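Heads up, the next two complexes both have subunit A, just with different partners, subunit B and then subunit C.
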Partner chain A sequence: MRRFLLARLARAVPAAWGIISIIFLLSRSLSATQTVSEELQSSIAGHTATPKQIRTTERLIRRRLGLDLPLFYVTPAAQSTSGALAWRWQWQGFQNQYHRWLLGVLRGDLGYSFRDGRPVTTQLRLALGATLPLTAAAFLVTSVLARWLTLFLANHRGLRTALLSALHVLHALPLFVIALLLLLLLANPDALSWFPAYGLADFGDNTSWSIQVLQYLHHLALPLFSLVLVSLPSLVVQLDYALARELQADYVVTARAKGLPQRLVVRHHALRNALLPAITYLTDLLPALVAGAVVVELIFALPGMGRLLAEAAAARDFPILLGAVLLIAGTRLGAQILADWLYYQADPRIRLEV
Partner chain B sequence: MKQLSRYVSLVWLLVLLLLSVCAEILPLPYAPDTPDLDAIAAAPFSGAHWLGTDSAGRDVLAGLIFGARTALLISLPATIVSALLGTFLGSIAGYWGNQRLRLSAVVMVTLGLLGLAVAVLNASLGVYLSIGAVAFGGLVVVRRISGKLSTTHPVPLDAAVLLLIALLTAIPRLVLVLALAAVQPPSAPMLLITLALIYWPSTAQLARAEMQRIRQLPYMEAARALGLRDWQLILRHALPAVWKVVGAALPLSVATLIGLETTLSFLGVGLPPQTASWGRTLASARQEPTAWWLIVMPGTVLVCTMLALRQLALTSIKKEKRGE
Partner chain C sequence: MKHLVLGILAVMSGAFCACSSRQEVNKSAIRIRWERDPENLDPLVLPNENALEAANLLYSSLLSVDPSKQQFTPCLAEALPTVEQTDSLTLLTYRIRPEAVWDNGQPVLAQDVAFTLKVMNCPGLPTESNQAQWGFIRDIRLDSTDSRRFTLVCSGRSPEYAWSSGDYIILPEYPLDPKGQLRPFSLTALRADTAADQHHAAIGAFVRRYKQAQLDHHPERLPGCGPYTLEAWETNRFISFKRKPKWWADQLRSELLPLQAHPAKLNYQIIPDAATAVLALRRGDLEVYPGMPAKEFQRLRQDKDNGATLQFYTADSYKMITACFNIRRPALQDKMTRQALSHLFNVPALIQATQQGLAFPSVGLIRPNSGPGYNDSLPLPTYDPNTALALLQKAGWQRQTDGGWLRRAATGAPERLRLTISYRTTDPAFETIALQLRSAAAQLGIPVQPQPLESSLFREKLRAGTVDMYLFTITGNPFVYNFAPILHTKSIGTGNHTGFGTAASDQLIEAIAAEKQEARQVQLLRRFQRLLHDEKPLTVLFFLRSRVAASAQLTNLQVTGLRPGYMATAIQAKPAAQ
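Up next is the complex of A and B:
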């Protein structure tokens, strides 16, 4: 068992490192000039500057953003020899952007935001604090509700067609339409104003903690509903399909033949096998827990991870983007290993193969 | 019943296609982008605007028709490009795997140097073409000479394609689009290319799995035993089967891409603000919370389109399964 996990880690960690390195180098090399020139324009806007002043400002900006060092250990340098351009690889030593960034990552320091100079780790932590309760709750509610709905569908044949068609229609709606519908139906002073339309609760000092928790839940309800409604249909449809296939298997006939009631056959025999494919589906959702839900967070104005990422992407704030991508890629690798481990635990046939 | 729903969805999609093709010549009373300042957020079925206007006084009916055009113009080409790219990369990865494509070291070094030159040099197209011609000539010569001299090494094609997929999927799709949209000014061709580049991995995974399956089948072995070349095997014997699977999933790709396009327009990224889109009409519902028609009309059109596309995909996938 431990060997299995170690082998998976030994394969996964270099892959993650490679991916993150490539993203770092690509984003830095493609965007550095543009970022610096934008900063330069905003800092000399409205002033008349001599070329020398401009050069000095640019150097200062590059130093402040950490873009003054060479990008990698070796960089190509242009040399004009006898009129023609020739390229030569130049060894830059350890004083380069990549080396510094990597050391920082190993120490748990992801650098500083280009936009406001705050440390990336603090911003990511704050955003995660707002996002994780929402996405984790959505994840839990979805999986519990999906299991319940699948059982309900299996036990109530008469409602099947109606419920499945409703799920298909729901599945066809993009997330933003669902969120918008909920917002305009349930948080609209002109319709029903049951829920607050945006933001998280702002607590006064003298409110007791129980009221604070209630307010918090009240604010999270609509985003939670929309996330659950958008991920529930595909999960239920998939589970239902798997369950229907399992119910045709021979062991189900045996179970019925020995006199078990249908309810127990479904619950104890078929459902367990039908849940196997759902492992992949659920572990695939795990990275989204960390990545947040961009659309929902933008519509309901929640200060979460998705919004942080969207704003950083729009402002080309690469330290934040890289930090978040590092986090998401790490979670994805963890989720894949978790999925393998769960399969390993759940299905004896796989255990024999390893 | 199944046949009926298939016909209904086909008819709906055809009507949508027709409307969007002749959007320019239709006798619409209003243009999609000229605000009618006398009728701001006018209710539908009452005045001159049949389906009402939004918070800026833009006609909803014209917005829907031109929005359909935008959705189809973006999603159909993006689907085709991403399907072609994904099928190509996925099937070469599935066919050759990590071990089976063997090139001699000389060829690999030449190709690597060529790639490096393209990456490092910022030269014009002519220089690239001449480098490519020289490299190709060299390749042919080297192949003739080195047939017996040099040993061959396996090219990890499968690992390379998987790495590329992992790179693209490491970042959430929407964030990647936002980041790319921030670098380029918003325009329809840019959005199309971005979506195609982002969406190909799912097709590639499909094509890769199918190619891995097909490559083991007896008929492929027989064809190989007949002495057919690799490209003949891939093009004539494997790709038609791969394309069936990829083609069955095409309507789903179109649906996903329409969803992405409307989401982006709703958020106000990717397309310039004067381009009509269902997402833009839906976004205007936020400024006018009482205007139910701003969410019901585009929402209904969107849901019908998505359902029709899903229905098509469902029937074609079922047909595919029955065929086996």
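Up next is the complex of A and C:
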């Protein structure tokens, strides 16, 4: 087992490094002029800097952020050869943006946000703290509900077609439509105003912990429903298909022939084997737990990883962007290793190959 | 299953009770919607409008804008500065009000202003933008006989110095530099030595201390002399402010709005999605929604059910949407082609389609109700394909058998009239405008390709000059007319993306910015509008109206065309009888 894990890590770490290096080089090759306030440039309101001052400001900001350094160890540079311009690779030494960033990552320092100057690790920690309770709860509720619905479908064959059709319709709806529909149905003074429209609970000084928990759950209900409704259909359909196939296997016929009740046959024999394909699906959801759900976070005004990533991308806040991508890429590779291990645990006949 | 249902019911019933208690918690606060977090409250950084609004609650400036008067009024300063001009310098003398004190009771002194200017110019701090904006202040001279009086030495001359020299937050020296380590260094010396933090141990120590204070997320560590203190801030959720029980300006009983602060608490709720924010306003979770999208604003206003609970305000703003031409592109180099294309914008229809009628056209960059400076002798932009056709022919374009347009360039090479119109994806209005132009141009056989771009890519292309036409938002104000950042030749490559500019236009721009006499400035402004009307480096499609929706229980929002469109500190609850 240890050999397997070490071998997978030996493959996963270079893959993560490769992904993140490519993203680093691609993102940083874009301009970061947005770091200079637009106010300096698109106003006729007076009180503005001269063009020369704006250029100086840009230069100083780029220097402060380390964007004035060469991007990589080698960069293309135009050279004049016999009257014509030609591109040549030029060695830039170790004083380059990539080298600095890589050394920082190896030391556990992901740098500072361009926008607010806070350490990236702090930003990621705060965002994860807001995201994980929601996404993890959605993950758990989806898993439990999917198991229950699959068993329900297996035991109520007459409802199967109608329920599966409904699930397919739900699966066709994008997340933002589901979230807005829930909002307009359940947080609308013109319809039902059962849930808050946005945000998390604000606690007064004298609020007891039980009320705080209830308030928290009350505020998370609609975002949670949205995430559950969007991921539940595909999982149930997949499990139902796998279960239907297992129910036709010989060992199920044998179990029935031994006189086991249908309920036990399904629960203790068929379902265990039917869960195998779901392992891949569920472990695939793990990176999403970390990455957050940008649509839900925007619609319900929740802080979290999705919003942090989206805003960092829009503002070209490279350190935040890279830190978040590094985290998500790491989780993705970890999830793949976990999926292999779970397969092995679920079915010992599967061999872990290094 | 039964347990599950019972559990859900218990959670929901408890949650409903919890929800009602939440209303109690926030009862005294005025809740205002913000689309984004202020991100950074370091008074010398302030990266966005929300940060600026928040900082103005915590700190004070020498001068502040009074939206009711639409002019700068004294705040920390006793009066507007006295102006004295020498050959190459402008000397502005201020005196700070004797009533102005910091939170610890110490008076605000000229030494604090000197300290602020030094921090702005202190190498090693992220204050590059301040250095550019207030780079005209070369030095400060303190009055040895009066600790509240000082003179700012400004390079050159400009009427705007009278107010821009006082439009920045004043920092207290006592918590940041208790030993006065920056005092021995003059402002001029700090500006000259860009590595002073490495050359002088005292400056290096100050920079480290300033950074360690982490004022960006802990403004409570820096006492201000504004009317509010920070109560709580949760990034991307809310930020709330509490009124100081005793604020120095209370004793003035001034009628100036910047010297008043009514709400006991201000709570800004960060809600990025407009639909959610509308719902929150209607539910009573918000009291004020500034900058509501025009469509929602009109829909709510026309719904009679909202009449009792909400009220709706509009004001003419100084923000305009313009269609600009990159005159460095061969096809757009002659003014007749630009004039022709300007006739293809159907401005009244666009105002209706994009702003639901909440906008107004203008002949140029001056707002129509700005007084005599607006050149009302010029015609408003008209949708006129026939005139456009005639102008294209006059510009040398010839209609081809395939319906397109062709002309010979100066080099003799054939040139086709085929354009792109670039815009940011952030505002759906831009897309509507681009599609309307494409449709109108297609009827004349001119292919126009809309090019929606992500914000930073759009800016990059503008600066590189690789766009043909583009849609752009420009913001003005009623205090000064300075067209240099967007139309002076020296700004090509920074803010002048049209590439327009001649010696005559540069001279006119400089004359307008430098002119002190109103009558003379009016003449120059009218001349400049005519010049732009003829040359058409850009065409102003319309000015926007500020839109604010608020609870009917509130009054005195002071809705104006100046950003942010209302004045939070002026808001009051309506008397019960109303």
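Some observations on this one:
Convention: the second predicted complex is superposed on the first by the 321 of 354 C-alpha atoms of A that agree within 3 Å, B and C clash if a C-alpha of one lies under 4 Å from a C-alpha of the other, contacts with A are read in each partner's own complex, and residues count from 1 in each chain.
By definition in this document, a contact is a pair of C-beta atoms (placed from the backbone, for glycine too) under 8 Å apart; a residue touches a chain by one contact, two chains touch by 3 or more.
Since the structure is predicted, the reported quantities are computational estimates derived from the model, not experimental observations.
Judged by the touch definition given at the top, the superposed model places A:L342 against neither subunit B nor subunit C. Contacts of A:L69 after superposition: neither subunit B nor subunit C is touched. Once the two structures are overlaid, the count of subunit A residues touched is higher for C than for its counterpart among subunit B and subunit C.
By the touch criterion defined above, A:R316 lies against subunit B and subunit C together after alignment on the C-alpha atoms of chain A. Contact with subunit B, but none with subunit C, is seen for A:G18 once the two complexes are overlaid on the shared chain.
Of the two partner chains placed by superposition, A:L260 touches none, neither subunit B nor subunit C.
In the superposition on chain A, A:A172 makes contact with subunit B only, while subunit C stays out of contact range. When both complexes are overlaid on chain A, the residue A:N188 reaches subunit B and subunit C alike.
By the document's definition of touching, of the two partners only subunit C reaches A:I54; subunit B does not.
Residue contacts after overlaying the shared chain place A:R307 against subunit C, while subunit B stays out of touching range. Subunit A uses residues 30-31, 34, 180, 183-184, 188-189, 298, 314-316 to touch subunit B in one structure and subunit C in the other. Of all residues in subunit A, only 15, 18-20, 22-23, 30-31, 34, 76, 87, 168-169, 171-177, 180-181, 183-184, 188-191, 287-288, 291, 294-295, 298, 306, 309-310, 313-316, 321, 324-325, 328-329, 332 touch subunit B in the complex they form. Listed in rising order, the residues of subunit C touching subunit A in the complex are 11-12, 14-19, 21-22, 24-26, 36, 39-40, 42, 45, 47, 126, 128-129, 131-133, 135, 158, 160, 163-164, 167, 216-217, 234-238, 269-273, 275-277, 279-280, 282-283, 285, 318, 365, 454-457, 459-460, 463, 472-477, 479-486, 488, 490-491, 493-495, 513. Residues 30-34, 36-38, 40-57, 60-61, 64, 115-118, 126, 180, 183-184, 187-189, 193-194, 196-204, 207, 210-211, 214-215, 217-218, 221, 298-301, 303, 307, 311, 314-316 of subunit A are the ones touching subunit C in the complex. Touching subunit A in their complex are the following residues of subunit B: 120-121, 163, 166-167, 169-172, 174-175, 178-179, 181-183, 255, 259, 262-263, 266-267, 269, 279, 282, 285-286, 289-290, 292, 295, 299, 302-303, 306-307, 310.
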